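Here the structure is laid out as structure tokens; the discussion comes afterwards.
To keep things simple, chains are lettered A, B, C, D, E and F as they appear, and every chain counts its residues starting from 1.
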Amino acid sequence: MSTSYSLTHVNANGEANMVDVSDKAVTHRVAIASGQVLMQPSTLKMIKDNSHKKGDVLAIARIAGIQAAKKCGDLIPLCHPLMLTKVQIDFEFASDSSGLIIHGLCKLDGKTGVEMEALTAVSVACLTIFDMCKAVDPGMIISNIHVREKQGGKTGHWQRETNDRQG
Amino acid sequence: MSTSYSLTHVNANGEANMVDVSDKAVTHRVAIASGQVLMQPSTLKMIKDNSHKKGDVLAIARIAGIQAAKKCGDLIPLCHPLMLTKVQIDFEFASDSSGLIIHGLCKLDGKTGVEMEALTAVSVACLTIFDMCKAVDPGMIISNIHVREKQGGKTGHWQRETNDRQG
Amino acid sequence: MSTSYSLTHVNANGEANMVDVSDKAVTHRVAIASGQVLMQPSTLKMIKDNSHKKGDVLAIARIAGIQAAKKCGDLIPLCHPLMLTKVQIDFEFASDSSGLIIHGLCKLDGKTGVEMEALTAVSVACLTIFDMCKAVDPGMIISNIHVREKQGGKTGHWQRETNDRQG
Amino acid sequence: MSTSYSLTHVNANGEANMVDVSDKAVTHRVAIASGQVLMQPSTLKMIKDNSHKKGDVLAIARIAGIQAAKKCGDLIPLCHPLMLTKVQIDFEFASDSSGLIIHGLCKLDGKTGVEMEALTAVSVACLTIFDMCKAVDPGMIISNIHVREKQGGKTGHWQRETNDRQG
Amino acid sequence: MSTSYSLTHVNANGEANMVDVSDKAVTHRVAIASGQVLMQPSTLKMIKDNSHKKGDVLAIARIAGIQAAKKCGDLIPLCHPLMLTKVQIDFEFASDSSGLIIHGLCKLDGKTGVEMEALTAVSVACLTIFDMCKAVDPGMIISNIHVREKQGGKTGHWQRETNDRQG
Amino acid sequence: MSTSYSLTHVNANGEANMVDVSDKAVTHRVAIASGQVLMQPSTLKMIKDNSHKKGDVLAIARIAGIQAAKKCGDLIPLCHPLMLTKVQIDFEFASDSSGLIIHGLCKLDGKTGVEMEALTAVSVACLTIFDMCKAVDPGMIISNIHVREKQGGKTGHWQRETNDRQG
């Protein structure tokens, strides 16, 4: 029943604060998030062709995503600052040529989960791709950013169900 | 034909650089972007109820979005630094209760467009909402982030067509 | 006798450096700081009335204070970077209507105290309140920012004496 | 009458946004703010003596204040980003040996005032002095931070009255 | 005669401040800086080979350099914040295989020169190359970082003499 | 043989990612880096004379270097964020009056080495000296930035050989 839940960052008076994780155990944490940029097939082809030569569009989006993961605590007000031990960004061309899929993986030995870091990495990688392609395709859509899987902490292993809602 | 287009941030050798806007005219620029967070109706209700009392979830997401707009040049590698003259974030509850819609508006008198700032504001507002509700609804999806409208610069007024692809 | 003291961040040659905490023990640290913004009763009333409706002035100051605590190592040159486990900002209306009192609490399991983080959180919350009210009350004064209490580390529990100097 | 005022950063719904300054004129702006750190005479003497030799405590506080002025838009959520043309920090030893007085001056040719930048510079300079002296004097108080004078913009020249409230 | 010069950032009392550029004219500014990373021929070959395939080492160093140019005012205490209109990073393999040469170009319409931005871009690009290759060549040396040429402002066009000191 | 080496930040596909240090042991790490700014003897004399009075040029460069060490993970894309326990910057006047030598020392108990932090501290200290003296000596050269010594981690103690290449 939903009354047993509560918005964790809002205290009894409805005021926001950074929740206390002092007494949480340090465990190994992993989170994987994904998202995609829907674009015209011709735009996708330009990225592909460029990646065959110099790879810069994807290389830049990858770097932007990695750096954003490290800035998560600065961007999301109530996120705890974290010392990430691993950030990885991978790209996949959608099989139906509708766009580019971005995956972000973050690892940490710490007291809080790292899904926000993975989501932030994916979001900023998507924005960077948008920025580099907007001159040729201003109608792109950043879509379907979600957590795929997370490990560690009290909830243990969590995996998104396949037939979940689609963004 | 696609050969008339080019990825503007990549030079003749496929190498990325911050494009030269020195000779562009300073014009008044406006951009509006939107996005949404798909969530369970019970999560949406919690945000609504909280907003009726203290409004903190939306207030925090609004602040996070505004601050992110100002950090756009730091997050997106090839974006020019800009002096925004206005940032506004608005929220709308989806009529079908599927989630929360976020609108971001940025203004500037400058040499480059501000759609990346508006998109960044919307993305980080979405991430902040995700962060604050993830304990009750880890399966949320950030979706349909796009530019709705932009004004100013050489291309003048651009508006997204209504029946465009859906994210 | 004062000759037994020394300014800890200045070395034998009077040169500043970030002191070595490598060999300090990791202990649980807490610090509480307070400060206030003196303002006209009518300004205070506006904040109160707004807080009864949407709470935005205080909500924004709270967020600004929390984010500032995380940036302390970036703002104060010789502060060590820290991984805070908790930040909380509370507001109190002065009983004599002279202004708004801000309390900031920071927690950490680490090698250095967190009073600078708590003081920075309070200072930036005060500045944010000033910013939002300066159009109606440009003569506000930020005052009496001090450490109330700290725990952890070699000095153990320290508490400010009640009849201490008043700022 | 107070009903003629309004909190400028809060819109008709009580929601905060960065106000639109697009149509404001670019004028030359100056703001001077002051504040002080109340400390024990022996602490003040240590700073004085150190300043006679290497001057590091004040030099570091000066740098911290200057850098903080440049970060004001990042620290105060609804501040516009600005391109400061001048930042100056000056120190004065209180005539009654009660502490150190800090003055901050900021200049800009722009659309918004620079008092928040001057106040932020002073606040962070105070925090830096606190940080460097806290080992010998944990009971210091940061006090009386206020705007002394501002020029430029629609309100023209504004100066604090001498017998104003004391913080 | 050297007595006619002065260290511009230090005032009459030897105190540092951000110099006042309010009354300087806005002119078009360009600065080009260069530097190099001396490395073993085998390390250089690895970068070359990688660049023939995916180009990531140089792509990452390029992005790091561009982003650092935008952060110059945050890194160098007395630098004015600037709105760069162009940043470009180019790489050259030293003809004697002793290492990699990095060139950085910055442009601005503003009141202050941009050589610090160009030098910062080159320095951070060098550091990034060091970071990526240090596992195979820990003895690399970053060397000969200098301004090659600058235009704009009161001094007009300045060019480094060819037979100048070598770093 | 060089085929046994690999660029650690580039994966099998030549793509860059932040390497996984989750399974590395936490050890005590120290790194010392050095660099120098070659300048005219008259410029060096001005710094010396100023340092005899107020010491500001070196004090500012020291602070800039310390703060830059803390920002290393933000500047160098694939660096892990670190919690430094000690940063120290020292200056030495070259015995042949050719310029100023800067030494940077960083310490950490962690999973990754700190040589990039030490190199970044030295680089930004050099840039700050350049900034403050460029009005009198625009032809300065930043040179010979290298790691002198490092301890901790799997490679243990590493020291640069004396007769190594000179930058």
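Assorted remarks:
Everything that follows uses one rule, which is that a contact is a pair of C-beta atoms (placed from the backbone, for glycine too) under 8 Å apart; a residue touches a chain by one contact, two chains touch by 3 or more.
In UniProt terms the chains read A, B, C, D, E, F = Cyclic pyranopterin monophosphate synthase.
These numbers come from a predicted model, not from an experiment.
Hopping across touching chains, the smallest step count from chain B to chain F is 2. By residue number, more than half of the contact pairs of C-D reappear in one of the listed pairs E-F, A-E or B-D, namely E-F. Per-chain Cα centroids separate chain A from chain D by 38 Å.
Inter-chain spacing, taken between the CA centroids of chain D and chain F, is 33 Å. For chain F, residues that reach two or more other chains under the stated contact definition are 14-16, 54-56, 59-60, 63-64, 67, 71, 77-78, 82-83. An unclassified topology is adopted by the chain contact network, corresponding to no line, ring, star or complete arrangement. Annotation, chain-chain contacts: A-B, A-C, A-E, A-F, B-C, B-D, B-E, C-D, C-F, D-E, D-F, E-F (touch as defined at the top).
Across the interface of their complex, chain F is touched by residues 2, 5-10, 13-16, 35, 38, 42, 45-46, 50, 53-54, 56-57, 59-60, 63-64, 67-68, 71, 75-79, 115-116, 119-120, 123-124, 126-128, 130-136, 138-147, 150, 158, 160-161, 164-167 of chain E.
Taken together, the chain C residues at the contact with chain A in this complex read 28, 55, 58-59, 62-63, 66-67, 70-71, 82-89, 107-109. The touching residues of chain F, counted against chain D in their complex, run 54-56, 59-60, 63-64, 67. The touching residues of chain F, counted against chain A in their complex, run 14-22, 73-74, 77-78, 80-83, 111.
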